[in-house]
Amino acid sequence: MSLLQVKDVNQYYGGSHILRNVNLSAELGKVTVVLGRNGVGKTTLLKSLMGLVPIKSGGITFDGKAIDKATPYERARAGIGFVPQGREIFARLTVQENLQMGLAYKPGGTPIPAELFELFPVLKQMLGRRGGDLSGGQQQQLAIARALAAGPKLLILDEPTEGIQPNIIKDIGKVIRMLADRGNMAIVLVEQYYDFAEELADQYVVMERGEVIASGPGSEMQAKNIRQLVAI
Amino acid sequence: MTPDLMEAGAQRYEKVAAAALQAQTESGGRSAGYGRVARAGEVDTTHGRILYLEDVHVSFDGFKAINGLNLDIAPGELRCIIGPNGAGKTTMMDIITGKTRPDSGTVFFGSTIDLLRYREPEIAALGIGRKFQKPTVFEQLSVFENLELALATDKRVGHSMVFSLTGEEKDRLAEVLSTIHLADSARRQAGLLSHGQKQWLEIGMLLMQDPKLLLLDEPVAGMTDEETARTAELFLSLKGKHSLMVVEHDMSFIRAISEKVTVLCDGSVLAEGTLDEVQADERVIEVYLGR
Amino acid sequence: ADTIKVGILHSLSGTMAISETVLKDVALMTIDEINAKGGVLGKKLEPVVVDPASNWPLFAEKAKQLIDQDKVAAVFGCWTSVSRKSVLPVFEEKNSLLFYPVQYEGEELSKNVFYTGAAPNQQAIPAVEYLMSKDGGSAKRWVLLGTDYVYPRTTNKILRAFLKSKGVKDEDIMEEYTPFGHSDYQTIIANIKKFASAGKKTAVVSTINGDSNVPFYKELGNAGLSAKDVPVVAFSVGEEELRGVDTKPLVGHLAAWNYFMSIKNPANAEFVKKWSAYAKAKNIAGHKDKPLTNDPMEATYIGINMWAQAVEKAKSTDTDKVIAAMAGQTFKAPGGFTSTMDKENHHLHKPVFIGEVKADGQFNVVWKTPGPVVADPWSDYIPENKGKKNVPEKK
Amino acid sequence: MNTAAISLPTPGPLLTRGAFSGVMVALLVVCALAPVLNLLVPADSVFHLSDYMVGLLGKIMCYAICALAMDLIWGYTGILSLGHGLFFALGGYVMGMYLMRQIGRDGNYQSDLPDFMVFLDWKELPWHWALSDSFIATLLLIVLVPGLVAFVFGYFAFRSRIKGVYFSIITQALTFAALLLFFRNETGMGGNNGFTDFKRILGLPIATQEMRMTLFVITGLTLLGFYVFARWLVASKFGRVLQAIRDAESRVMFCGYNPLPYKLTIWTISAVMCGIAGALYVPQVGIINPGEMSTAASIEIAVWTAVGGRATLVGPIVGAFIVNGAKSWLTVTFPEFWLYFLGVLFIAVTLWMPQGVVGLVKKFKKGGQA
Amino acid sequence: MRWLRSLLVLLCLIGAASAHALTPADALALAVGDSDDRIAAINRLAAEPDERTLALLQALGNGAVKVQGEQVLLIADDGSATDAVTGAPVTLADEAEDSMVNNRLRGALEAALSVRDLFGSDVPAQQAAAELLQKSAFEEPDAAQLPLVDKALANTALDAKARTSLERARAALQLASDDEAQRLAAAQALGGMGDPALKPLLAARLEAEQSATVKTALGDAMSALDRSLAISSGLSQAFTGISLGSILLLAALGLAITYGLMGVINMAHGELIMIGAYATWLVQAFFKSTLPDYFDWYLLAAMPVAFIASALVGAAMERSVIRFLYGRPLETLLATWGISLVLMQGVRSLFGAQNVGVENPSWMSGSVTLLGNLTLPWNRILIIAFAAAVLIGVTLLISKTRLGLFVRGVTQNRPIASCMGVNTARIDTYAFALGSGIAGLAGCALSQIGNVGPDLGQSYIVDSFMVVVLGGVGQLAGTVYAALGLGLLNKFLEGWAGAVLAKIAVLVFIIVFIQKRPQGIFAFKGREA
């Protein structure tokens, strides 16, 4: 059974129907990529997964339990890590404190995993700087590191490559791959950068106007010409 | 902006103003030299430069964000700027648009306008438009109104009280609306747009403003490949009429539009040249592109 | 109608509620009492209580409302002089009646107002005379300290003139004002100390009003200025104001009033008993546990009773008839004297008491006038006032 | 692409034609009907409008002008002023000075000088009273004094880019300082008592029904005029720039607008409106004193606006009527409990009517249609 | 002082005569009659008091004497009465009158009793008596007092402190001596004391003095005095400024959390302070009624109670209203304004509109005197210390603990903090309760210097906001600087402009200062600002 199971989720903003019967699943050791043009509802879907917006109908199960009524912090504690679109780091907290926020539900005194600094060396240099003063790309790295700090079972990333320099994108790609390959983490990745997405995808989902219009194993993406699907 | 910087800026302003005064008296009371600067919208590009930065320095609490930066852009040029995260690209734009005051250095628009003497709205009025890294639009206003406000017209109070759109302006608005694919959303509140739509709207506002120099900070971030391509097309069409400075990390986008690329690193220029040249540069590969 | 409406116009909220709320309650008690005796002209009195919320324009509006909408026969209310000044034009225009129960600065006489509190000569002058006497400590230098508004200003103006007439030189008088609600008296107390250290016996005359008194007295106590060194006599500090202060360091400081709760006579004993019982019965916060009476409460009590008597005498609630009937009314006041309404000037003849603060927050009367004093609203110590008639203008 | 289809700017969220006209008609009716009900209908008739009610309505209309002014600066421009009471009071004081001079020798001391000056032993009028005996000058000063104070203060504050609460707090400091200044008797504005006991205006007795009615109607028409003016203002591009400043000031600057003159213009207009309201208020309530400059008084103006609904123009007027009407009624009906009602009203409005009363009406309407 | 002259007579009798028993006539002469006669009686009887006379004199000083007919009664603390002459218990009748004691009589009593103390064995009483003598020598030197002083100084068992006082008194008394050497010595001795009470004395002497050497010595003494006065008045100004600053700081600290960090424009902050003050009052009342022996320590119990009371009210506010309003700061202004009205009226309904009395515990009463003229009241000193302690506590809590980190994180970005696994609702409640509790602590402290009434909070709310904003919103350090700066500035200006103008000047200063630093003293420096 999949770690995360999204079934027939519907969601509205005011009167407009944003998500229409969306289905999605994520498995340990696999990267699920969600693709789609601007404004089709990818971020909304992820926010629904985190509990930041309520869903109108449908069900979300995580680790065998229904979580669609749970608050965001309960979901986080259940093991979901989230890298939001637009970074959303704590601008007035230092880099170190931002990372400590990532450890919020761990017992006090839990150290920041040293591994994070290997992945993102720039963070180590800037531990004492306020998050808000970092450059865009540095903030993005911080946001990813923060989500990883507590060692989640499911990692949700909303356009993590946005604004990141190419070599670090590559690094991020490697990190994602590596995390997935360890086998104890499921990853849901929303991405516009098609090449990056295709390379990482174990499964893909394409959305259009709030609906899933295509999905399948990552290996078939080229064959099914998914790039065209997103471009139309 | 920090008060110290404002303070420094104000001091510099005074110095320059004093110099201007001196220049006037020296030329026997005839208006000369700086006399022309005050007239907005008249950019002197006879020296082949629309933007000129020399030995600019900025530091934040001791951290040197911009460190001896030299850069110039020709009229009609489309310049791409790349560089690692934190290289100082956004900060450079902050300096050009008056948001941040440099600690030292010169920043000229054309060969006569010392940008350090102006505040943000004056700089915008001079003909420099900017798109922010994080899209900023007027969230409570409709898409239409956002564009209307950006429209290049007399922007003083009296005029805006009696303003109404001419037919020509309406056409221009409609054109831009379709260019940015938001014609269907013209009446929607801008705050309700998705991230990518806001990006487009901001570009649209820039088009409405019709500036001489466009500063674009990661314009295709969060766009699909197809939209990226469309943006590239748009920028190419602007080239020539306008000067553009584009900051991006998307190499394929850069490739699609670039003629000359500048690589910033640690607050100064690391390399400059065609994309192929800089891509071949060992140092650029080391700090930016990766192997 | 089978009832006679009377208005009660005291702030129940805002800054003045501290002082005024209890006047509303004592007015209601008095009305109950009159009604229990059969009312006035055979009709029961019906109180109409409104809350002008310590907002001066609102006083005028509420006065209009009481007169216009509720058609009250008379209004009992106001505390600060500014609230009285605000409603005065209303009462004059509508030719209605106001009973004002608080000591004030004088220099006013309206045909439509009866002043049941003290005029300056019924409070301030005797107090200063006492401090000049041997028993009062033979004070030679004076600090006139007040809240910056018309009552303290006028009172001090009169006092300055009075002191001058007694040969006190200008350099022996220090005048200081603080804003309403001033709460930090460190500097002022230090200045007083400095002023007092010049050698001659110094006394402070305080016209500090309202909330500021508590911080003032607390600072006074802590700075170690005892009544023996520098006595302070206050005109706006009574039992109710001292409720909020630890009086132990203040023993011996003085206040001048026309009534103290501690005055011993049967009329007062009954008044205090009645009030205590009423406060308990009506569950009046604060007073149900520690009932206190004070001068403005007595003045309110006298005012309502006298009005009732005058209405009986006039056989009508008509304003002009009642005004005529008020002249010369007498009432056996809790203060222990028979208070008389002056035949002409709308002020009561009142006895003056000077009390020293006791450790329990009551006052120990150390001096009193032999009998009631006639009010002199236009003080003769002010040269321009010479020849002012102490009679309201008939319009 | 059809240009005509998109050429109409979207109307502001709550500024509908219906509500606008409704309020306009209501105001006209009040102005026309009140004199009839007050002067012609006999006093014992149920339709009679008592002097008290006339005064009350007149007063609330003055407040409504303030609320409208607050809406322009707060609702539309996003600048919360906690000092509008000052401008109201300044207008009131200018009018008060004139009315004091009109008393002539009928005061307590039968002097040419206002009573409080006699009492302070002053022998001649201080300089700032120079123009107070001219009605024309007074009318000018009612506009100029609050306008100039606002302009100078605003110029420096906006030039320094003081924003948000920083601005709110210094407006509060400003009015508080003015309050203390006016409390001082030396300032020559009557100290704590301020001005009262007015007798005449333009030589005519002030305490007559006819004069009251005249002032009432002038107030009603002024409110109406400002209302129409405000509507025109916010519907113009000027109004949209204001809203843009409210949402993203830095973006406005990068669009080439200098926010300073925009903010300064609306700020000064708003202050002048308050000043005029104050000038109309004083002869109607018969007193002006520094209490109007208290910090609470200024906050209340913001409260009326919020209760009615910000950035709606209709809302502030409705809010001023609801809050002040409730206050007048409750202070009599529940003198000991009215603060509970008022407090709960404010809490309820914020919790359940984030758009104010007008927003609620709007929601019901929508709900009804859906 | 007239009474001193009669004391001389008294002095000669001390130890000589045997005590004479109190008669009913004596008792009556002490308790009623004209002040002059009573003072005479006091001095006559105090010379050789027996036990009963002494008891009566002391009771008179404490205001515990009543007269019932011709009988003089002593009233015990429990209200029971005994006959002053016989000591027999008496039932108190209603018409018993207080024996009136005014300031003058009280002074005479104290002096009469104090001379005995000077020769007694009770050290504090001895010191007090010596001080009294010193004071009178400074104020109204009378050479006739010299023998008394000398005699007391001759007592070898005299307490050291009392001896100093007496020596000073002697110097003052000798200043007008006929012997030039004595005058010189006296002038030199007095010069070093720095007591302002000496100034008129020295000035008068300087005018009358003939001898040049003494004149110089007097001149030196005068300037030494002026110097020390200038120093102490400067120090006292600084102290009052710091004291005012500490009060502003206490009032503002809670707001620095609820508003500075959480962004709630909490207009009910003043009322939370008020609740703390009322809680203190209730604790005091409880101690008074149930634990009178420990009354002095009620304040220690009141602190946690005040904190908890305000914190609970704050938590209730947060749970019921504020939590729906995060991110809408202006709405919080309106709602908390409403809450403040309700709280104020609630307190009025519960406890009455009038002020309630909060007493200082004895260890907070009185003052320490430094440098002659510099009197620092204990309650002010302790409040400064308390403010510092609260400040340190809050700073550590916010910057060093996890709770502090969560509070800062949650207040910056609520949804993302919750995605990190922080129970934001709970943190919000804690944070708001914490800020409210600190307001309660402020109320507890303020109850010691000002009035406690329903309007208490109103007088602090404006100042609190000014302090927080001037310091820079969200900047705890800025709040400290702003509070102390405003306190010092205000007191400095008040020194030469008076209270009203000083306050106006401070407000104008705030306005001008914000022009220079539009984000407060400690502007948040950063690109997001």
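All chains are identified by letter, namely A, B, C, D and E, in their written order; residue positions are counted from 1 within each chain.
Criterion: contacts are C-beta pairs under 8 Å (C-beta built on N, C-alpha and C of every residue); 3 or more make two chains touch, one makes a residue touch a chain.
Chain by chain, the UniProt names read as follows: A = Urea ABC transporter ATP-binding subunit UrtE; B = Urea ABC transporter ATP-binding protein UrtD; D = Urea ABC transporter permease subunit UrtC; E = Urea ABC transporter permease subunit UrtB.
Model, not experiment: these values are computed from the prediction.
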For chain D, the least number of touch steps when starting out from chain A: 2
By count of C-beta pairs in contact, the leading pair of chains: C-E
Chain nearest the overall Cα centroid: D
Chain centre separation in whole Å, for chain E relative to chain D (CA means): 45
Euclidean distance of C-alpha centroids - chain C vs chain D, Å: 36
Rounded Å distance between chain A and chain C, as computed from the means of their C-alpha atoms: 74
Centroid spacing, where centroids are CA-atom means, of chain A and chain B in whole angstrom: 32
Shared interface positions of chain A, touching two or more other chains: 133
Chain D residues counted as touching two or more neighbouring chains: 180, 183-184, 336, 339
Chain E residues counted as touching two or more neighbouring chains: 344-345, 349, 458, 500, 503, 516, 518-519, 527
Chain E-facing residues of chain D, complex: 74, 80, 153, 156-157, 160-163, 165-166, 169-170, 172-174, 176-177, 180-181, 183-184, 295-296, 299, 302-303, 306-307, 336-337, 339-340, 342-347, 349-351, 354
Chain E to chain A touching residues, read off their complex: 402, 405-406, 408-409, 412-413, 415-424, 474, 524, 526-528
Chain E partner contacts - residues on chain C that touch it in the complex: 12-15, 17-22, 134-137, 148, 176-179, 181-184, 186-188, 190, 193-194, 197-199, 211, 213-215, 218-219, 221-224, 227-228, 231, 240-246, 248-249, 251-252, 264, 284-287, 356, 358-359, 361, 364-366
Chain C contact footprint on chain E (complex, rising order): 35-36, 63, 95, 97-98, 100-104, 106-107, 110, 139, 196-197, 199-201, 233, 236-237, 240, 243-244, 247, 344-345, 348-360, 365-367, 375, 377-380, 448-455, 458-459, 491, 494-495, 498-500, 503
Contacting residues of chain D [partner chain B, same complex]: 1-3, 6-7, 9-10, 233, 236-238, 240-241, 243-244, 246-248, 250-259, 261-262, 265
